[in-house]
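What follows is chain A paired twice: with chain B in the first complex and chain C in the second.
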Partner chain A sequence: MRSRACRARACNCWFPRTNQALLRHNSSWAEKVSNPQSQIQTYISKSRDPYVNLSIEHFLFQKTPPGSKILFLYTNRPCIVIGRNQNPWLEVNLGLLQPHDTHNASPSEPPALGTVDLVRRRSGGGTVFHDEGNVNWSVICDFADFTRDKHAEMVVRCLRSLGIERARVNERHDIVLDQGIDKQQVEGSDTHSTAYTSTNAASRPLKVSGSAYKLSRNRALHHGTALLQSPNLQIIPHYLHSPAKSYITAKGVESVSSPVSNIGLDNASFEDAVHAGFISTYGSGMERREVVDDDLLGIAEIRKGFDELKSLDWTFTQTPQFVFSSQPMGTMDFDLSANGKFSMNIRHGIIQDCEWTFSDKKTSAKELITLLSEQLAHRKLHEIGDWAASLKAEDLDPKLSELLAFLNRTLPQPA
Partner chain B sequence: MAARICLARTSRSVSSIPTSFSRFAVKRVNVGAQLRSARAFSISAVVQEKKYTKDHEWVELGSDNKTVTLGISKYAAEALGDVIYVELPETGLEVNFDDAVGAVESVKSASDINTPFSGKVIESNGALEEKPGLLNQDPEGEAWIAKLEVENAGEEIGKLMDAEAYKAFTEESS
Partner chain C sequence: MSTHGVHNAFGTFIRSTTTYSQPLRKSRRPSLARPCIPQYFHSATRLAVVKPYLLADIGEGITECQIIQWFVQPGARVAQFDKICEVQSDKAAVEITSRFDGIIKKLHYEADDMARVGKPLVDIDIQSEISPEDEALINTSKGSKEEEKAVPAAGDHKTKTTAAETTAAEIVEDNIVQSIVPRPSGKHASLATPAVRHLTKQHNIDILDISGTGKDGRVLKEDVQNHMSNHPSSTTTASTPSEPLGQDKPIPFTPVQRKMYETMTRSLSIPHFLYSDLVDFTSLSTVRRALNSHPATQTEERPQKLSALPFIIKAVSLSLNAYPSLNAHLDTTSDKPQFIHKASHNIGFAVDTPSGLLVPVIRSVQSHSITSLAAEINRLSALARSNKLAASDFTGATFTVSNIGSIGGLTVAPVIVGPQVAILGVGKARVVPAFAADGSVVRKEEGVFSWSADHRVVDGATVARCAEMVRGYLERVERMMVKMR
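== the complex of A and B ==
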């Protein structure tokens, strides 16, 4: 660890450290994290970089000693975080990730968030949006001590201690705010129902925190979002609505979308309450909360995890196999008789083969199909920018031009 | 899903219950068929007993003494809940001890499958791509994850727990 830490990079330290001091700090930090004596550890990150925070979290998951209980709190700049086994083309409107993207498919209402990072995390579950009004809480413990609800229940108790009495854990292990109008009598300690739990469909609970898990080598990580005061609730749906969605049949995990709400707390109050809740659950006498930051990238393993998460290969080629078809189930957006049926099989983010069939079986189509197959096969889908420019054709057949325009609309190049 | 697994296990041990007896019998015939077909290809066909790792994987050494079949234990499959996706390793992949050779997604959880041996992936179970739920139905049989070619496999596998030791291990840690 020590020798490899020489790749240390001096960045936003909270107080100036020399490279040598930073190296010493990082290596003693890494040693302390994995020390069998460090049974209760709590951290809060000053970094707003999702790749840094997820890499610190993963390091804690891998290195903390058996039996230990860890709390890690962090907030990210605006980003979309997809689950380990999800499909970014299906989950995300990739054309919106860069503010000035020329392939932006919905120019009528340009969201105003600037650059939004797309991150594939290491845990399972569905896609979530993070910004500065969202605090992520993460608890790591032994698999034997783990249940999917346990730490969501802990966070619900924290929220109730702050006066959020409508908060409860739902059947998907998420935290929702009940919207019932009439107050019922309930057991106050039940974290799965509130006085406002209602069976009325019109008062559907609003999701405020989504859970996801990572399990490995007898350790379990449960992390969740907590939507406290996001100013972006209105525009989030634009980012999470893919123009390709109706044309994709995918293996892997598809998100379940839920109506969301802010809890209406400031970040610091929530962070303090969750820290206090964690300490009262696992270890009084261990009240000190350690601040961590970008300078932990000086630790080689954290840097390695960060580089991996940031790579486009991780984000895109880890996608489970899927088929993109212009006519998935009789959809008529793309006229079959005039333009044929186009489909591609994509595995590891790479186009394996494509097909283009016409109902009228004209011979001219044969050349087009050969052209497409030859030039698209084995290419990484995320590297294709302008579909027309990516084909080396002297002059484009009108049918082909129409198909390429369709592909530009539905599969714009990600940032 | 967990309930179904419990039922199946009960039906195998309590064979006097008439309704479950037929399932028990079918199971036995299948095992017999596998043994016979293995013998046809090898003169020294002794199917080795399953061994288990602390990470809840099982491994089984083939009759050629170098092919190891790897999967996740029944205990792990029950704990994971409904499996909706299995990521399989590519054939030809060289793996080192403790590397992830696959991953499973169930109820918002991503779980790694780590290999207890270094070696080369020679086959992965494509059936799991189409039917990830097999992993809940038959984790220690039909739903194997991958076959690896491992040097000194016999020696390596000897270091792992047998079924009895593994059972004691799971009871102790839960």
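== the complex of A and C ==
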């Protein structure tokens, strides 16, 4: 029997919680969320689990009534979050996610962050790195009221109220800090330009927040990151640069990478400012925010969403079709030139077929390719660990072992 | 629930969707509290006809997006507002829902394909009423445009007739069908959809002559075509009188044209007044020729010939120092209009590019010299013509100069681009004879300057004085020199 005092800030029930009471509490919370009277709802999550937070966010998106405006703030433990339709092999250095796997580790590995989760979210957009110095903000409103810039502008106003006068919204609906040195005269309330906007190529603005959206028939969700005080800025590029990048030709959305920076605020100040900005824009300014936590997993839909997000199938097989080739089109030969061109066609995360051709007609890889085709076809790419071990072959042809070493380097097992 | 794909009869994989969102909707789940079939109590008859369902505009000028996953398969029954598929465009994942009840007949794309906005997404056998707005989402035929216009007019006519109907399914269909078309002529009031009736009108066939093979004796497109092939004589009389030499060609808007359309539509709300006067370019031309031939201005790396435009823009900027109300923004978006004098002179100038009219902005003209202005004009024009301008190059203009005279023209009435309050159009400088002080005829170059201003905040006198100042600077260039900082 789990006995715990109710921690929800807005909830006044200070009695030991049994499972029964927890169930009642959760179902009354779910009712409150979908109650048409609840027009302004603000939540902040204590959980650091990205799967929990995204599941709560999705529940809020689906269940809140029309006309309501929701703000949800959450922070995640170190994880990489890819967009709905992205390719993890292309965007992420999968070999770094489980650093205890020393097989792939090289001496120049960045300092270990421990296990880093890989999460595929439900909104579109690109790949981001989350850690405890990054606060995520999420606004849900009616589709009719929605514009892509509206809530990014709201966050910029909150940042400016905290003294971050270099913040502005850029053309891609992201929030950037202008790096210009000369201070110019600009309109104070224009959230798309600052006094430091500079067209000088040497001082490009630094990105501090990226946006992504999920739109349904009547509701719109806009969520974004806010890099406040991440200690990991230097190692983020290692995680987001995949060794397979130059070998993959893919459909789907690619990330647009930008140089990043910390804003330099602490989490609590930012959360308070965004909350205050939100309730003064949409509410009476008096609404208090409610704390939520992972005990909301007791709600069936949240649990179901959580399980889906955590499943390897969701994370890997939702990848659009792509081709992995040792010699992508339009490039010069790579180190495998002696070993011909190897390519695989991967759809739904499953290897459909592979082929291996050599430029000189004398070398034939017929037996090798038959071996590979038999063993690899219809296998899920994310389930293949060590490529050599996954092939049942007595002695490995030197060409084959070199190929397998190449595959191990570029397509390591993620989990 | 299966987590692996399933081999179908052709040995290819089908993605199993049972793990994720909704199961393949081959059959209704009885637990859902939703009416399965539109009730026949409803007085309007079901138009059970298969139509292509277009991918609606999802905003932001996006023309195509990628299909992430399908929630339905052919044969699946959908109700209004059920999810059909999820698409991805740049940063947004969008759920596309159905506007109708019906059965999905065909998917036009596979997962991962790029779907085009405005083109058919699925074919759906519609089993609910089609409201006038929904007509726009289904592609009926070539005559669809006329029908779309006719249908809203007939909308209230339709509701009156439906209210009077009784409940039986075998309702007299010609009544309903009549109500959709505003001309209930006896000849065409028969059992067919608007598309088919248009086809028969086009070929001058009496619809009553055709035997319908559709549901309840409806005439379908195939019936019309069969009839035409069986009775070719009837179609010869229907040939259109004389074929036009070309075909009408609908041209879709390019992004530049669309932007121009939107901006100019907004400008309609501005009350313009036009002020024009003649400016004597003779002395300016002399100065320019001298500068352009002098080796000092023609350096090795940057030989640049000064045109009249940098002089004009600099003269305008100097005059705006004296008349700041012309370098302002009028913000009418909120209830209280805000009139803001802008400190910086960010002057946009019109460039005619292969992709249309673009107006890049030169920032802080007050800090520029005439040569640096010329360099900036050249740089921005080159970028504009090669389509390499960034979005930030277009924003923040406080005044616009349009040198249409480089192509031609005398007096123009330029359109102000909101939230600016004024704009200057410069016509072509022509050589004309004029009288000198002593009465002799001299050669003079003159061009027309046409100023438009927003009469809500700017009065004629201000514009006139500013125009006089600009004219003064250009007719006597040395006056500009003494004002340079």
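Heads up, the rule we're going with is that the second predicted complex is superposed on the first by the 379 of 415 C-alpha atoms of A that agree within 3 Å, B and C clash if a C-alpha of one lies under 4 Å from a C-alpha of the other, contacts with A are read in each partner's own complex, and residues count from 1 in each chain.
Definition applied: a residue touches a chain if its C-beta (ideal position, glycine included) is under 8 Å from a C-beta of that chain, and two chains touch if they have at least 3 such contacts.
All values reported here derive from a predicted model rather than from experimental measurement.
Engineer: Clash or fit: chain B against chain C, after overlaying the two structures on chain A?
Structural biologist: Aligned through their shared chain, the two binders clash on chain A.
Engineer: Under the stated touch criterion, which partner chain does A:350 make contact with: chain B (first), chain C (second), both, or neither?
Structural biologist: second
Engineer: When the two structures are overlaid on chain A, which partner does A:321 contact: first (chain B), second (chain C), both, or neither?
Structural biologist: After superposing on A, A:321 lies in contact with both chain B and chain C.
Engineer: So in the superposed three-chain picture, is A:123 touching just chain B, just chain C, both, or none of them (first/second/both/neither)?
Structural biologist: both
Engineer: Touch check for A:166: first (chain B), second (chain C), both, or neither?
Structural biologist: So A:166 meets neither chain B nor chain C here.
Engineer: Would you check which partner chain A:144 touches, where first means chain B only, second means chain C only, and both and neither mean what they say?
Structural biologist: First partner only, chain B.
Engineer: Is A:275 touching the first partner chain B, the second partner chain C, both, or neither of them?
Structural biologist: It touches nothing on chain B or chain C.
Engineer: Once the shared chain is lined up, is A:217 touching chain B (first), chain C (second), both, or neither of them?
Structural biologist: Once the two structures are laid over each other on A, A:217 reaches both partners.
Engineer: Let me test your reading of the model: by the given contact rule, A:303 touches which partner, first (chain B), second (chain C), both or neither?
Structural biologist: neither
Engineer: Given the superposition on chain A, which partner contacts more residues in chain A: chain B or chain C?
Structural biologist: C
Engineer: Once the two structures are fitted together, what part of chain A is touched by chain B and by chain C alike?
Structural biologist: Of chain A, residues 83-85, 122-126, 148, 172-173, 211-217, 251-253, 320-321 contact chain B in one complex and chain C in the other.
Engineer: Could you list, by residue number, the parts of chain A that touch chain B in their complex?
Structural biologist: So the residues of chain A touching chain B come out as 83-85, 122-126, 143-144, 148, 172-173, 211-218, 251-253, 320-321.
Engineer: In their complex, what parts of chain C are in touch with chain A?
Structural biologist: Residues 3, 5, 13, 15, 19-20, 58, 60, 66, 68-69, 81, 86, 88-95, 97, 111-112, 114, 329, 340, 342-344, 363-364, 390-392, 395-396 of chain C touch chain A in their complex.
Engineer: Chain C touches which residues of chain A in the complex?
Structural biologist: Residues 83-85, 122-126, 148, 171-173, 184-187, 192-193, 197, 199, 211-217, 251-253, 308, 311, 313-314, 317-318, 320-321, 347-348, 350, 352, 378 of chain A touch chain C in their complex.
Engineer: Can you list the residues on chain B that touch chain A in the complex?
Structural biologist: 54-55, 79-80, 84-85, 87, 103, 105-112, 114, 129, 173-174
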